[in-house]
Amino acid sequence: MEIKYYIGLAVALFCIGIIGVLTRRNAIIIFMCIEVMLNAVNLLLVAFSKMHAAAAIGASSPSVVSDAQIFVFFIMVVAAAEVAVGLAIIVMMYRNVHSVDVNFLNRLKN
Amino acid sequence: MQTLGLRFPELLIWSPLIAGLLCFIIRSEKNAKAVALFSSIITLAISFASLMYAGDKQLSGLKDSYQWLHQLGASFNIGLDGMGQLLTLLTAFSFPLIFVATYNTNYKNANAFYGLMLLAQAGLMGVFTAMDALVFYFFWELALIPVYFLCSRWGGEKRIQATFKFFVYTFAGSLLMLIGIIYVYLQTAGNGEVAHSFALNAFYNVPLTYPQQFWLFWLFFIAFAIKMPIFPFHTWQPDTYEQSPAAVTMVLSGIMVKMGVFAVLRWLIPLFPDAVAKYDTLIIGLSVFGMIYASLIAIKQDDLKRLVAYSSIAHIGLMCAAIFSSTSIGVQGVVMQMFSHGINIIGLWIVVDLIEKQTGVRKISQLGGIAHKAPVLTIMLVVIALANIALPLTNAFVGEFMMFSGLFKFNVWYAAIAGISIILAAVYTLNMVQKVFYGETNAITATVKEIALNEKIILSVIVVAIFLVGVFPQPLFNLTKDAVTVILGKGK
Amino acid sequence: MSITQIVFWFLAVLAIGSALMVITRKNPVHSVLYLVVTFFAISGHYILLNAQFLAIVNIIVYAGAIMVLFLFVVMMMNLNLNAEPQKNKLMQFAGVVSGGSLFLVLMAALVKSTTVNSAVQMQTGDYGLIKNLGQVLFRDYVLPFEISSILFLSAMVGAVVMSKKEQ
Amino acid sequence: MNNVLQLVWLIPFLPLIGFLINGLGRKHLSKTLAGVIGSGVILISFILSVWVFFNVKNGNTHVAHYFDFINVASLKIGFDFQIDQLSSLFLLIITGVGFLIHVYSTSYMHDEEPKNFAKYFAYLNLFVFSMLLLVMGANYVIMFIGWEGVGLCSYLLIGFWFKNNNYNTAAKKAFVMNRIGDLGFLLAVFWLISKLGTVDFHNVFDMVGNNKVKGFTTFDITAITMLLFVGAMGKSAQIPLYTWLPDAMAGPTPVSALIHAATMVTAGIYMIARSNLLYTMAPTTQCVVAIVGLSTAILAATIALKQNDIKKVLAYSTVSQLGYMFLGLGVGAYTGAVFHVMTHAFFKALLFLGAGSVIHAMSGEQDMRNMGGLKKYMGTTHLTFLIGCLAIAGMPPFSGFFSKDEILAHAFEKNPLLWGIGVLGALMTAFYMFRLYAMTFLGKFRGTHDQEHHLHESPKAITFPLVVLAILALAGGWVGIPEVFMHGGHILETFLEPIFADSNKLITAHPLPHTTEYLLMAVSVIGALIALVFAWNKFSKYQKTDVAETGLGKVLQNKWYVDELYDAVIVKPLQSLSAFFNNIVEKKGIDGFVNGVGKAVNYGSRQVRLLQSGHVGTYVLLMVIGILILFIVQLFL
Amino acid sequence: MNATILTAAWGIVLMLAGAFIKNKSIPKYIAIGGLLLIIAANARELYTVNEGEILFAIDVKDMLHTTAFNLTFITVMLVCTLLFFLLSGRDIEKVGNHVAEYFALIFFVLCGVCIVATFNTLLMLFIGIEIISIPLYILTGSDKRNLKSNEAALKYFLMGAFSTGIMLMGIAFIYGGTESASFFLDKINMGAGKMPVMIAVGLVLLLISMSFKASAAPFHFWTPDVYDGAPTVFTSFMATIVKAAVFFAFLRLFEKAFGSVQPQWQKLIVLITAATLLIGNLTAVFQQSVKRMLAYSSIAQAGFMLFALFALNEKAKEGLVLYTAAYSLATIGIFAVLIKMNDYTIDGFNGLAKKQPVLAFAATVFLLSLTGIPLTAGFQGKFYMLLAAVTNGHNLWLVILAVLCAAISAYYYFRVIQAMYFKESNDAAVQEWDVTPAFKILLLITAALIIVLGVKPDLIIDWLYL
């Protein structure tokens, strides 16, 4: 499989995520879009790792492949932590204003 | 290890600095006043003492004294050459005058006031003694800060805006100069351990290409032009003078303005000879136009302070023009005139202040007939005013005479046009004298009383100085001759 | 057209399609579900790339734990369909345009890029297996591992601070 | 070298001392003391001057160097005095006449309160000091110092009664107009410095005369002389800068006599006579000088015809006489000019003092229309005044005749037309002087009654100077008897010979045949005589009429409207220009720009802050746009 | 290394303390004590850096690389934090009930600071940035009742997460682009010569995400709102130590990984710097609330700090350390004063010089330092930055722009000074001042530090090359 397809796929997902962030007002949905972006990254990293595996470097020092995959693992870890905090924040906001609309609170401007 | 005698440059900075900080510490306002006066006299003494070592190579500090920012090849390098000595003398001489003259004015929290005054003095001393570009820049800014506080704390009605304009204006200018300094610094050849050096002589020996000079010149010149100020950078000045308390105005116009002129002589001319040669016509043109312009505006002024301010702009314009004529006689005249103008304008301010204190107004149109009430004041003022219009045998004549002839050497027409300003000067000065002092007294001036003893003493000191320098200028020339040759020697 | 390719294209289309659904659905619950689908598709890709460990983790952590958390929150708030007032059309349009042009720009730059090796090793290669990764993780990556434990601690503290009732 | 020329510094120094004593001690000095000190110092310096004069007469001239005034970088200006025939002669005039006028003042100013009295003498001494500086200076700079010094003193003395603002304005006018001239003088000095590098008289004349300096062309000489002449215009009240002198009559009368008749106003003549060589070498300038001088003479004379203020008439006559002197200088009759300066000093001082005595008697009245018939009240004054009039009218054997005639004769050599106009002016002089005389002393008294009953002859202190001056006015001219009358009769010429030697070398003298010379004298004298008699008859029976002057008369009475002209052409435009600068350029233009920058920043800030909309969506959108831009810049540019 | 581990450990300690100790004022002392300990440990490591003996000999596979340079930086940051604790500790207690947790979170952030100061691989950078960000999201929202705080937290979190995504994308492309297929900085760095497109893309994405964290325009939008909304104490912390650390990481990343190809991406920095300077300064001019003004000023200062990346030479590195130190000290100080005010608007400062001369004086020093007046550390920072930029030699117009912006900055900083000294206080209501003598002394010490650094910046710079 050509790497460029993976790149295309990842970038597409990434941009979809961005578009989502841009077009939605529901904090939770925006957050989910960000998760999409992260997954695009993960996919790309794994694809690259396999690309390198097929390359000379992969043959010489196999660890490069696992490096990337471990990185993906850490990304997932961090993402999980972020979700915990993020949802906590959203919930707190919801408690105060009974809305998850990011434009609902707009005291801070200019 | 230097002998004590050759630590004069440092002493000149330390004594006001320490005294200034002391003023902040001591609570009593009376004592603050005393401390200020005392220290300023000490400083004067030091400055006189330093004259004995005039021309001493070690004194003129062209060698590293203290390591400072060694990674940058900057060093706390200060010294006194002829010009520096003249201006430090002016500074040291002015402050006691100012303190005594305004001794009866009571400022609220005076200790802060006098503290800041002394800090300003320290800064000025630093500027005049700096032999290292970075040190120079440091003091250049430091002199500004206390003055800013003085103006906006103890100033007049619209003080905050006026002085703030002044501050930002000059601050922007000096930052541009900082860039220039850095750029030149990077062109200098340093000694062993550091690549470059900020030392004055390193700067003097820096090889700059023509194009470099041409834009660097402006970075420096704008900063100095704002400080001097030269048309069209002058608009901060009248407002600031109008708003500042008298004592500060004296410092501003008497000494601070000289910083600009001094800096042009010390840093601009020797560094960028080609640029100077290229732009001299333009700048002299500006200055000369500024002279006429300021004089004409001065004729229209009804506020004493503004009038003096504009007349000062005109005088500075002449200095700038004479500098850029880069003839030795003209520059010598400028050095002379820096001193004379400092003294005269301080005298003028003292008189203006006295009048304002007694009558409460500065409007020329509201005054009149003071001569009946205060003849001594009048005589003093007339003498100072005559010095201001450069009557022979007053100090200003010598300077202006030489500046004009320098300018004349440069270009006949510039000299001729600039000459018109001496006529205009006569017009507005005599107008002022007539309207304020002659004629019948009116309701406002009826209550004017003769001035107090301390003021008499101060004014007579000034008058004596005026005539002394006016009749025997030669000693001052001998003092500054070498410095001028150095400047122009680099300039050639 | 080998089977791999077919699978790849299928998964790709599935991922993108469901991702699009995520951002277009009015109802948050639907979005969440479509997101789960996307994750599954991506896990499929992992398997295709022979990175089983990640595939599993992805399903367990993401599609499992995290999405459940989301779902839970959404449900708790029971945001009904028109809970979310629409962003004004201009903003949406601008968003789409800019996102799309970002995509175009990136692709335009990347397609003509020559990478070290254009082919990707499919199916084979055992680096992605749990055993190898585990060893690397606890031998070479012990420090980041520990640090990320700190990360979790802070997240935990945070969650507590956030959600604990002030008395 | 004998000691007297070592002591010359005392001559100016003594007046300075007098000035200091009177000035500083003015609160404590009694009037008498002040007067004694004031006149005493002058007397001493007069005696010294006489002594010096006779030394010089024995050909004992020298330059005394005291200290370096300015000595830097190729410019060396010493504080030097030059004692030679010319300066010593002027020393005599200044100190001599000066002394008399001091004496006169002691009585004339007696009504002042003591401290003003002392102040007055202080000023007067200061004036003498500066005047002496002016004539003794051995280079143009020292001369300039004196030059401006006398200007200052005239300013102070015109505005002596400073309560009256018109007087102050007159004083200011005088100073400023002098300043205009001084600028010319200064520029000339600068020119010398830049071209020759020296301002010492002997160096300059030496360099120029034997043209030692390369590239010092006739143009330079012309320019320098012209500029110097501008200075002279200001100081000696020539067209176009003469209008200050009549106004200067605001000052006390002795001041007018000393400064504005006898000494200061002749400074211009002195300066040109001093630099005669340069002028001789610049024919163009000479021509200009002659024309300006002559036209001034005529113009002033015409104005004088119609003035009714006794001092104004004298003032204009002074202007006119100065015109004659410049005519003399212009036609190369340097001796004649100096000669006329001398005689003029005598008779004009006399006339002014006489007028002063009259005014004193009339208790301040200056309008001739209210005078008349004073002859019988004040004999001495009348007699001396008559002598003065005859002298100025150029009646032989009075001093004025010789000097004026010498100038006219040279004028004729140059060009008969000059002579013709000159004579015309002389006739007018005779006319208005005797108009003045007749209106004042003849006919019957036209003033109020208490004035009439106050009328009295002035005290000795006033009449004594009058008498002395009258004698001088009568006999002063005999030092310059023309060749035609007596061979070698022109003592003055022989005395001044060394000064003008170089010029005379250059001037090809072609003396007139004696017949012509007799003819010329005859014409001028007879003409003057006719005018005199006519005026005498006409005005001895003058009656006050309140019919306003018309036509030319009105124009003359209003001094050709010159003041109005200047006001319209120079003062007003300057005023409006400065108003324009102050209100438009300064406030709106430059300061407007400076503040504009500040405003712009504020405005910009107001706009930029709108980016901060507070909506996450907008923020992210802007970020993405930023990302796009960066990508495009990085990848495609 | 010492600091990294100890901060993390102390964070846990405090966390537990929070569980068992109910007294609100104890945690502060624990924190200060711990911090002193950590500073000592770090200082020791710095002294012995050449011997390379450290307390915890963990083989980290060189994922964290300590040199005198970054150890000095860490020391500076820890000292700033200490001052922060000393000055504002009491105010942290006022924020909410979970005092110990707040301190714990701050220590976790410090751990992140140490990591990003020493990271040697993109993985550690990522984790470091996250371990800084996540606690900050919480601290921002810690004032739970306050809607502003909520809003700030939400905005910060969403945009932070977004930028994290961008950063990861960048890392992915970098990884894909390098033959060495490694996350280690030195491996990524492949000599001069045209970068491959993938690297370029990755670089841009990293640049963007770092600019976001460093609040450089046009990615600064979160800064004003978050700084404004967050509890003031934490704003003070965020705006100083965190920002400084991010900048340090920024510089470290781009110098080590992309230094050789700097000419190819300098234009981006130029754009960002110019935009940051202009937007930051211009917007600050308008602000009426000092707190928000300081937020914008922090953006403006970031513009100056970006010169370090613009120049990317020795002077730039020294300058950045100096600048961050000066900036942090001054900002911590000014915020410490601000917290004491009832009224955050500029008018609230009117006549402070009369009521609280010491506060006013100290605040003046801080503001002068921020303006960059000589004799204050701020000047040295700016001076070094300008020096570096001019040395670099390209785009001198940017330097001119910078100084003009500095002149503008004088405008808004001096408005406060004017208010304190030259205006009369208008409010009749006398506020009771919670100002202890100790606080005043500490303020003065901070001011003194600033001036000392302003006179002898060598004190820091000499340590950088031990």
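By letter and in written order, the chains are A, B, C, D and E; residue numbering begins at 1 in each of them.
Here, contacts are C-beta pairs under 8 Å (C-beta built on N, C-alpha and C of every residue); 3 or more make two chains touch, one makes a residue touch a chain.
Here the structure is a predicted model, which is why all the values come from computation and not from measurement.
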Chains touching both subunit B and subunit D: E
Touching subunit C and also subunit D, the following chains: A, E
Pair of chains joined by the greatest number of C-beta pairs in contact: A-C
Most distant chain from subunit E, judged by the mean position of its C-alpha atoms: D
Label of the chain whose CA centroid is most distant from the centroid of subunit B: C
Where subunit B and subunit E are represented by their mean Cα positions, the distance between them in whole Å: 42
Subunit D and subunit E: spacing of chain centres that average the CA atoms, whole Å: 78
Centre distance in Å when subunit A and subunit B are each reduced to the mean of their C-alpha atoms: 65
Chain centre separation (subunit B, subunit C; CA means) in Å: 71
Shared-contact residues (touching 2 or more other chains) in subunit B: none
Of all residues in subunit C, the ones touching two or more other chains: 87, 91, 94-95, 98-99, 102, 106, 109-110, 115-116, 140-141, 144, 148, 151, 154-155, 158, 162
Per-residue overlap in subunit A, given as positions that touch at least 2 other chains: 3, 7, 17-18, 21-22, 25, 30-31, 49, 51-52, 55, 57-58, 67, 70, 74, 78, 81-82, 85, 88-90, 92, 102-103, 106-110
Each pair of chains that touches, named by its two labels: A-C, A-D, A-E, B-D, B-E, C-D, C-E, D-E
Subunit D-touching residues of subunit E, taken from the complex the two chains share: 154-155, 158-159, 162, 166, 197, 200-201, 203-205, 207-208, 212, 217-219, 221-222, 224-225, 265, 267-268, 271-272, 278-279, 282-286, 408, 411
Residue ranges of subunit A in contact with subunit C within the complex: 1-9, 11-13, 15-20, 22-26, 28-29, 31-33, 35-36, 39, 42-43, 46-47, 49-55, 57-58, 62-63, 65-67, 69-70, 72-74, 76-85, 87-92, 94, 100-101, 103
Residue ranges of subunit B touching subunit E (in the complex, touch as defined): 68-72, 137-138, 141-142, 145, 149, 152-153, 159-160, 164, 167-168, 171-172, 175-176, 178-179, 182-183, 185-186
Residues of subunit D that touch subunit A when the two form their complex: 609-610, 612-617, 620-621, 624
Subunit A-touching residues of subunit E, taken from the complex the two chains share: 123, 126-127, 130, 134, 137-138, 141, 144-145, 147-148, 150-155, 157-158, 161-162, 164-166, 168-169, 171-173, 175-176, 179-183, 224-225, 228-229, 286
